[in-house]
Amino acid sequence: MQNSAPSPAPAPHKFVLTFVCEDQPGIVHAVTGALLEAGGNIVESRQFESFDSHRFYMRVVIATEASQDEVTAALAPAIQRFSLDWAIDVVGRPVRTLILASKTTHCINDLLYQRDNSHLPIEVPLILANHDTVGKLAAFYDVPFEHRPIASPEDKAAFEQRVREVVEEQDIELVVLARYMQVLSPELVEFLNGRCINIHHSFLPGFKGANPYRQAYARGVKQIGATAHFVTTDLDEGPIIEQQVIRVDHTRSPQELMSIGQDTEARALRQAVAWYAQSRVLLDGTRTIIFR
Amino acid sequence: MQNSAPSPAPAPHKFVLTFVCEDQPGIVHAVTGALLEAGGNIVESRQFESFDSHRFYMRVVIATEASQDEVTAALAPAIQRFSLDWAIDVVGRPVRTLILASKTTHCINDLLYQRDNSHLPIEVPLILANHDTVGKLAAFYDVPFEHRPIASPEDKAAFEQRVREVVEEQDIELVVLARYMQVLSPELVEFLNGRCINIHHSFLPGFKGANPYRQAYARGVKQIGATAHFVTTDLDEGPIIEQQVIRVDHTRSPQELMSIGQDTEARALRQAVAWYAQSRVLLDGTRTIIFR
Amino acid sequence: MQNSAPSPAPAPHKFVLTFVCEDQPGIVHAVTGALLEAGGNIVESRQFESFDSHRFYMRVVIATEASQDEVTAALAPAIQRFSLDWAIDVVGRPVRTLILASKTTHCINDLLYQRDNSHLPIEVPLILANHDTVGKLAAFYDVPFEHRPIASPEDKAAFEQRVREVVEEQDIELVVLARYMQVLSPELVEFLNGRCINIHHSFLPGFKGANPYRQAYARGVKQIGATAHFVTTDLDEGPIIEQQVIRVDHTRSPQELMSIGQDTEARALRQAVAWYAQSRVLLDGTRTIIFR
Amino acid sequence: MQNSAPSPAPAPHKFVLTFVCEDQPGIVHAVTGALLEAGGNIVESRQFESFDSHRFYMRVVIATEASQDEVTAALAPAIQRFSLDWAIDVVGRPVRTLILASKTTHCINDLLYQRDNSHLPIEVPLILANHDTVGKLAAFYDVPFEHRPIASPEDKAAFEQRVREVVEEQDIELVVLARYMQVLSPELVEFLNGRCINIHHSFLPGFKGANPYRQAYARGVKQIGATAHFVTTDLDEGPIIEQQVIRVDHTRSPQELMSIGQDTEARALRQAVAWYAQSRVLLDGTRTIIFR
């Protein structure tokens, strides 16, 4: 990297490889052999065997002068032999992210601020919302914004159709529900399976139904929090990616609890998106494996 | 303390006064006037008006050379005028506490260790358990221990009858369910109303039913916790006194989650008991006011 | 409350009174008597006696139909009798705040976002900075922005002179150093005594000097944090208002530690400013009393 | 597992292998090849390359029917080729731990309670203390206790000589300073290098010198904590293993801060010992790598 001469050696790329497969002996040996063959040096790596599913999870970061295609070619035999469900990516590449929103801006403000300050490797080709309140913020951050009101089932179907179009036309890899207050249709949930993250207020103990902050107030909870999770058809019950909590007391009004809760929502969602964008989130049935 | 004479003035006592009443003007003025009349100097004080119940809550600590009877006498007019629901106590007096237990010892170990090291102002005339595993620990801490197995409804009724007897004969002020795994009968709950604290595992989001640690594992929660609350007939739904949480991840087995959860259980219960013993816990309907 | 008619009852105002004085009997009685005389009903109140300084601190919120002048007049005898160091304010009135900045925007972004969403009762007549990077953000939030580079001692003196002018001409009540990286002159510190809040990275254990995040990395700390404090001539040693911490591990680079640290900085500063704006912060020598 | 009979399939052992070496390509491939050769299936694994030291760290848990000797033999070529600094152990084997103490019991109470409830894989052949207060607790937990007062430099030298003897005669793997208030001699520090853990109160910002809780009180800190670290000749500046913090406020006396601090001390020390006993702690110069 730091030498003289006619043709400077190219700086090594960094790639992140993740995969899942049935657990069996020899996986790590075979995969690291392939990476070695591609000139890869392991920078960081982590493995985990799930005792529930007997599946094996691995995330490995390598530095190499080989191209992504060359690395993939080297991996081909291991992929076939162990039936790996795999992905490879350039470390740090921004993930193409579609944000869906309604009225509140706290989550989007946090995501875009972090993106702009290089703490969050995402690029956002569009924010799509059923209210127009997010528009000004989107403009400030130079993110395209589209407002599609939802006043009828037809509006909602059209909104969802637009989501599908954007995902396909814009090569969207991740859809973030940044306090988008509509329930997704089962079809859209299915379409976005494993690539759609939602944020949900959560408390100790859990409150469901409308106005959870008022319930939390009535019960006098001492900790409030938020859960970022994958969207599944089981409403708000998808695999959990991140949870954040904060202490409160009886002096807080329902309004203040909501304000404090929004802060935990923004931080939990940001963290979940960051881990996803860094290929740190793998699915193990109803659980997530987070290789942080 | 600061005066003449052969016979040294007695050191001033410290009393803690707590009360609840309908909110109206003049309460604090009248009460502090009475305390002033009794030679009391305010050391620490806190008030709160609940917007839900329009009730007014106060906790005040005074230093005075007057006796408890003299202070009470001075308060009598205010008590009558504002219909105060009140209590007065000597600061630091150990609260007479009956502990009920089953098999596990983690909560009791914590409570008794803290008591012995002067961090928890309780005295424990008896530990009553339906298993014998706590006996050795009780002996180490010189606490009387009684083992009454529960194998039938009759056993349970006898156990509960024994609780009532002990409460009455031993002037028990607080009953702590330190992982006592039997559901109290509605009659006993009623009898112990407002003076019985339980500890409950709790998670984000909340899991109910059997084996919550396994549920939490299956869902892949990232925070586990515990809730200390007053016992009501609404099982595990009583007013919350304290909650503690701790971060976990996918590498933890259900067994490890339980071990970590026990730690939060012990700490949340200890804190709730400490606040109760310091007259810091007041009831506001389904909520608690904690004047910490 | 909001209606027509011959003589509508005026909506009650809410005032917050704070004071400090030498501890002695009768203070609360006298003050609450005066508030009662002014038709005040106590909504929330808290007192504290410092055992170090033997001084007595009180914060009380009342609802009354009287004006601020009437309340103050009623308090006059108590103020004189107990030599109260006092202040009274309308609850919720935005505090006039001057923000000083350098290059980074994370603290300002947080403060202005919270202000706009009604979670932070401040108004900001000016952001004054020695770099121009904050300008775009200020414009987005419609806050006047002034850029005054500091390249020499004369520049710095001029900058500080400008601070004094703004404070006086704009009735500034609070100066927030939102990562303003210049050391204030002793004269300016003196001028701003008790009304200037700074934010400081802090760690367990504490690191001083340049590049603390690198030091923290080298030492392998497991918690990083931030301290919001009043500015005194004792650099970064002023009375602490708020501290926030977050867990980290060996996989974090110094750059990532900085990013995480900035998050705790923004949150600790926001909390300190909020408490100050709500008249919840009182000084007790080198300590703060926070009536949250 | 432990019987004769026709031909029962032996239950697989679990081994944990940890090592450090210069970073270079091929390490993981070679090591996992050797483990595969020994019939090992990877259960859990983690690697890390330190950018500071260019050293590579690995911890891997395997299940195999081979013996420890067979695994070690299979690893021999890789150990030699990459000059691994390595260790292998049976998963869950209790680590032989010598505890040194002075007067306070909070750390020891926690360690022994956790040991007895299977949450902490240590065995404790001896507690050696320069005061006798720990004796009763040691007896309750059936741990041999030795009291050697230190009133002179000669006493201290004899105490340290006894430590060396015990370490050697009892095959001690870890020495825990559970609030042992004597400074170890440089010779003893050297002798125990990398296998001696201390617990230190720590605050935000850090206070050094005598009576830190009083300093913390005077400064009005809002978070107190504790740091568990390896002992080095740089007093209280050794590589950090774990830190815990807890929120406090102005109402806490120095005595209460100390009580709260003791709780964080006990928990941080317990966690550090647990990670050490599970072979999760590796040294990277002045930092630790914690593979939790």
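Chains here go by letter, A, B, C and D, matching the order in which they are written, and residues are numbered from 1 within each.
Note that in this section a contact is a pair of C-beta atoms (placed from the backbone, for glycine too) under 8 Å apart; a residue touches a chain by one contact, two chains touch by 3 or more.
A quick note: this is a predicted structure, and the numbers were derived from the prediction, not measured.
Asks: By CA centroid distance, what chain is farthest from subunit B?
Replies: A
Asks: Looking at A-B and B-D, which pair shares more C-beta contacts?
Replies: A-B
Asks: For the copies subunit A and subunit D, give the interface type as same if over half of its residue numbers appear on both sides, and as different if under half do.
Replies: same
Asks: Roughly how far is subunit A from subunit B, centre to centre by C-alpha average, rounded to an integer in Å?
Replies: Spacing between the chain centres: roughly 42 Å.
Asks: Counting only Cα atoms for the centres, state how far subunit B is from subunit D in Å.
Replies: Between these chains, centre-to-centre, one finds 36 Å.
Asks: Which residues belonging to subunit B are in contact with no fewer than two other chains?
Replies: 44, 48, 251, 292
Asks: Give the list of subunit B residues in touch with subunit D in this complex.
Replies: 44, 105-106, 109, 113, 117, 119, 140, 251, 259, 263, 267, 292
Asks: Under the touch definition given earlier, write down the residues of subunit D that touch subunit C in their complex.
Replies: 48, 51-52, 200, 202-207, 217-223, 225, 227, 236-237, 239-245, 249-251, 253, 284, 286-290, 292
Asks: For the complex, give me every residue of subunit A touching subunit D.
Replies: The contact residues of subunit A facing subunit D are 23-29, 32-33, 35-36, 39-49, 56, 247.
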